[in-house]
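Order of writing sets the labels: A, B and C. Residues in every chain begin at 1.
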Amino acid sequence: MHMADALISPPVGAALWVASMGLAAYSARQIKPEVAERKIPLMGVMGAFVFAAQMINFSIPVTGSSGHLGGGMILAILLGPHAAFLVMFSILAVQALFFADGGLLALGCNVFNLGFWPCFVIYPLVFRRLAGGSPTRGRILTASVVSGVLSLQLGAFCVVLETLVSGISELPFGAFVLLMQPIHLAIGVVEGLVTAALVSFVWRARPEVLELTPGAPTPGTVSLKPVLTGFAMVALVTGALLSWFASTHPDGLEWSMARTTGKEELAAPTDGIHPTLAGLQEKTAFLPDYGFAEASEAEGADAEPVEEAPEQWPTVSAGTSVAGVVGGGMVLALAVLIGVSLRLIRRRRNVATP
Amino acid sequence: MMRLDAALGDVDALDRLAAGDSPVHRLDPRAKLIATAAFLVTAISYPKHDVAELTPLFLYPATLLAVGRVPTRVIGRYLLLACPFAVLVGAFNPLLDRQTALHVGPLAVSGGWLSFISILVRFVLTVSAVLLLLACTGYVAVCAAMARLGAPRLLVMQSLMLYRFIFILADEASRMVRAHSLRSLGKHSASIQTWGSLAGNLLLRAYDRGLRVHTAMLARGFDGTLHPVRGLRWSGRDTLFVVGSGGFLVVARYGHLAVRLGQWTMGMLA
Amino acid sequence: MSHHIVEVRDLEYRYADGTAALRGVSFRIEPGESVGVVGENGAGKSTLLLHLNGCLFPSKGVVRIGDVPVVRRTLPQVRRSVGTVFQDPNDQLFMPTVGEDVAFGPLNMHLPCDEVEQRVRGSLEAVNALHTRARPPHRLSGGEKRAAAIATALSMSPDILVLDEPSAGLDPQARRRLIHLLAGFRQTKVVASHDLDMILALCPRTIVLHQGTVAADGPTGTVLSDRDLLARSGLDLPLGVQGCPICGRVPGPTATP
């Protein structure tokens, strides 16, 4: 479920990085020094625990295959939403850096998909409500499974959206959703069961560990500010970056439009809301051409993308493509050559000057 | 997802490499971070059917590899272990996009195959760039660079402590797994119930350790305020590196080097 | 020079569930003294030590460090005077490199950069661990970790050093080096340990804790050769006082363990 760099486009990556960093800064500010003094060592250790716990495999009952813990929910239960979000951030960063599990540019996306939903949305709104103040085993189980399923569904859906907007993968929306959601339903259930097992154990052994959530907002008084701020930032930055991208790469956007609708440009319908909208956009947008294209593209994306085979494809002239292949091969060879020679030079220099 | 215990050895290996010395190692971590970020953005900014156009980018990791004295096999191993992700991700493309995009001699290559190969190429480029960053800089210095570039201090401090504790806790977890397997007579994985006990115990031990560390921090005057990272010095060499990398990336991205080189070669041979 | 006096009067401490950990402990340690604190597991050694740096506050009684009572307001002062070395060095080495760990304390004291640098070098040199400065803690041997942990306390220039089981887990040579190192420190030392032979070598005075009270407080030679007292307190004679297991001879008073 971790997104790789190879799948996203710069605007999507950048937008979600901004959103995630913003949320991180917000979370950091919510944790005052007095609380930080106590939480910092705990955050570090609990984050490491999530990693270490992933070493302990368990077998999933029906299938017999083995699985391991994801971590977002248990962290929120132990540390509260703000601290848990920061810990998820660093966990995902380490996974991206050292385990190639998710790209560095896609880190913003992954933090949002896997950290934002469980910590800021599902934990306060769902888990706490279902579990209540002094939960029984049954309530823990229900709360954990429901939370696990919901967090993963939301996260998976975001992956679909991000991949779609990036436009690198060929999977159309419908197929992608049908692929992602059921798989993550199963993963969510497992995550919920696993979280429940853990929480039950700790609740029985040392309940005070779980009451350690002084920073968590009580249900009903949940601040929607981080949620709204997150969305606003994503929207703003995505819009700005898409505009920039489109203005410098008109071919890319028109091309993706062509893919989804089969036409290079869409003629706007002359009646109804579109002329009004188009007129509005012309007045407010910096690039009226782009604004028009955006409006049509949005309309185009709603149309059935799946069945229509791409009619128009920017034709690549034969001459350019062969040259491309030849040139590409040569550049690769050159890169290897440069690498090897630099090494040899280095080695010779080291031998010469001991 | 690589197994933690196997991967920790690699993590340590990368860490050791980062402690080495080379002109790349001596650059300010911020410069390397910025250059890597720029490289990543460039690598993923290509239109989706580009393959040949991506090749000039290989010069960047190749140079860093050589000048940074990073053994190729380290990078190679990682790429091998992680490539299932990329394959999985792009595997549908050839099936979905069968429109022929180009002819290489008698061979007709579909757009789907092109985009699939493009994904793989992007993957290799991006993963090796990140690994090289780590191998020449080290996790700790990268965190320091993030702090100086404006990341919240709490996030950075917490990331550093997490990294530190992973080794300790992984050790405890592996001992636990070993003890469990010695008494479970053949079954490899625990049931979810048993897992709950094992992981739960680990959690409580980790929690207690957290409390002890907290005590130790207090005993040394900690009061929750975090201090700014020191010791990073930006020099002219770093500016040169960033500007140079940026220039190279622009040329690689927009210069159509592969096509031009190919055409020139074919012209020469004709 | 009253900064260095450690005074504990009628100290009582109860856990959250009500069990008494310490029941009326009193003693006074003069500047420069080296005092061992011994007792069976659960006697209250670690709990007592945690009162000396203000990590725990007594349910009853008073702890004074120098002329300052240990209360929340005086904690910064107290923690500057009292350097603590904990049982598990992994708990104490939480920064990415040893150097940063040693610098942690001085940085919290808001000292200027070059002063911090000086202190880091000085304390690492004092424990012969300067070569580990740039290393991450997980790549140190047991003895190196212990030395680094001591350095993290030393860098704050404390007047009083409190050590909890410093020789635990060390191999024989590392242990010997540790004893030698600690013997050279001029600070007031309070050492809690099961290693009675180390106490014999290092501390002229010993306090025996038993079930939260002071069972004995006197010269180490006397206290640690009182077989009955030690048996009553759940302890045993140090090996250095018992007969040699091979030839049966009892060593003289000048023999070092």
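Going forward, a residue touches a chain if its C-beta (ideal position, glycine included) is under 8 Å from a C-beta of that chain, and two chains touch if they have at least 3 such contacts.
These numbers come from a predicted model, not from an experiment.
Engineer: Thinking of each chain as a vertex joined to the chains it touches, would you call that graph a line, ring, star, complete, or other?
Structural biologist: Contact map by chain: line.
Engineer: Would you say B-C or A-B is joined by more C-beta pairs in contact?
Structural biologist: A-B
Engineer: Taking each chain's centre as the mean of its CA atoms, which one is most distant from subunit B?
Structural biologist: Result for the farthest chain: C.
Engineer: Which chain has its C-alpha centre closest to the mean of all protein C-alpha atoms shown?
Structural biologist: Minimum centroid-to-centroid distance belongs to B.
Engineer: Roughly how far is subunit A from subunit C, going centre to centre by Cα mean, in whole Å?
Structural biologist: 49
Engineer: How many angstrom lie between the centres of subunit A and subunit B, each centre taken as the mean Cα position?
Structural biologist: 17
Engineer: Any idea how many Å lie between the Cα centroids of subunit B and subunit C?
Structural biologist: Distance between chain centres, rounded to whole Å: 43 Å.
Engineer: By the touch rule stated above, which residues of subunit A touch at least two different other chains?
Structural biologist: As it turns out, subunit A has residues touching two or more other chains at 41, 44.
Engineer: Name the residues of subunit B that each touch 2 or more other chains.
Structural biologist: Expected reply: 139, 160-161, 163-165, 168, 209, 213, 217-218, 222-223.
Engineer: Of all residues in subunit C, which are in touch with two or more distinct other chains?
Structural biologist: Answer for subunit C, listing residues that touch two or more other chains: 94.
Engineer: How about subunit C: which of its residues touch subunit B in the complex?
Structural biologist: 50, 53-55, 76, 79-80, 82-84, 86, 88, 90-97, 104-105, 107-109, 113, 134, 136-139, 152-153, 156
Engineer: Give the list of subunit B residues in touch with subunit C in this complex.
Structural biologist: Touching subunit C from subunit B are residues 12, 15, 19, 139-140, 143, 160-161, 163-165, 167-168, 209, 212-213, 215-223, 227, 230.
Engineer: Enumerate the contact residues on subunit A facing subunit B in the complex.
Structural biologist: 2, 4-10, 13-14, 21, 24-25, 27-29, 31-38, 40-49, 51-61, 66, 68-69, 78, 86-87, 89-91, 93-94, 96-101, 103-105, 167-172, 193-194, 197-198, 200-202, 205-206, 209, 249, 251-252, 255, 309-310, 313, 316, 318-332, 334-336, 338-343, 346
Engineer: Can you name the residues of subunit B that touch subunit A in the complex?
Structural biologist: That would be residues 1-5, 7, 10-11, 14, 36-37, 40-41, 43-45, 47-49, 51-56, 58-59, 62-63, 65-67, 69, 78, 81-82, 85-86, 89-90, 92-93, 96-97, 99, 101-104, 111-112, 115, 118-120, 122-123, 126-127, 130-131, 134, 139, 142, 151-155, 157-166, 168-170, 172-174, 176-177, 187-204, 206-207, 209-211, 213-214, 217-218, 222-226, 257-263, 265-266 of subunit B.
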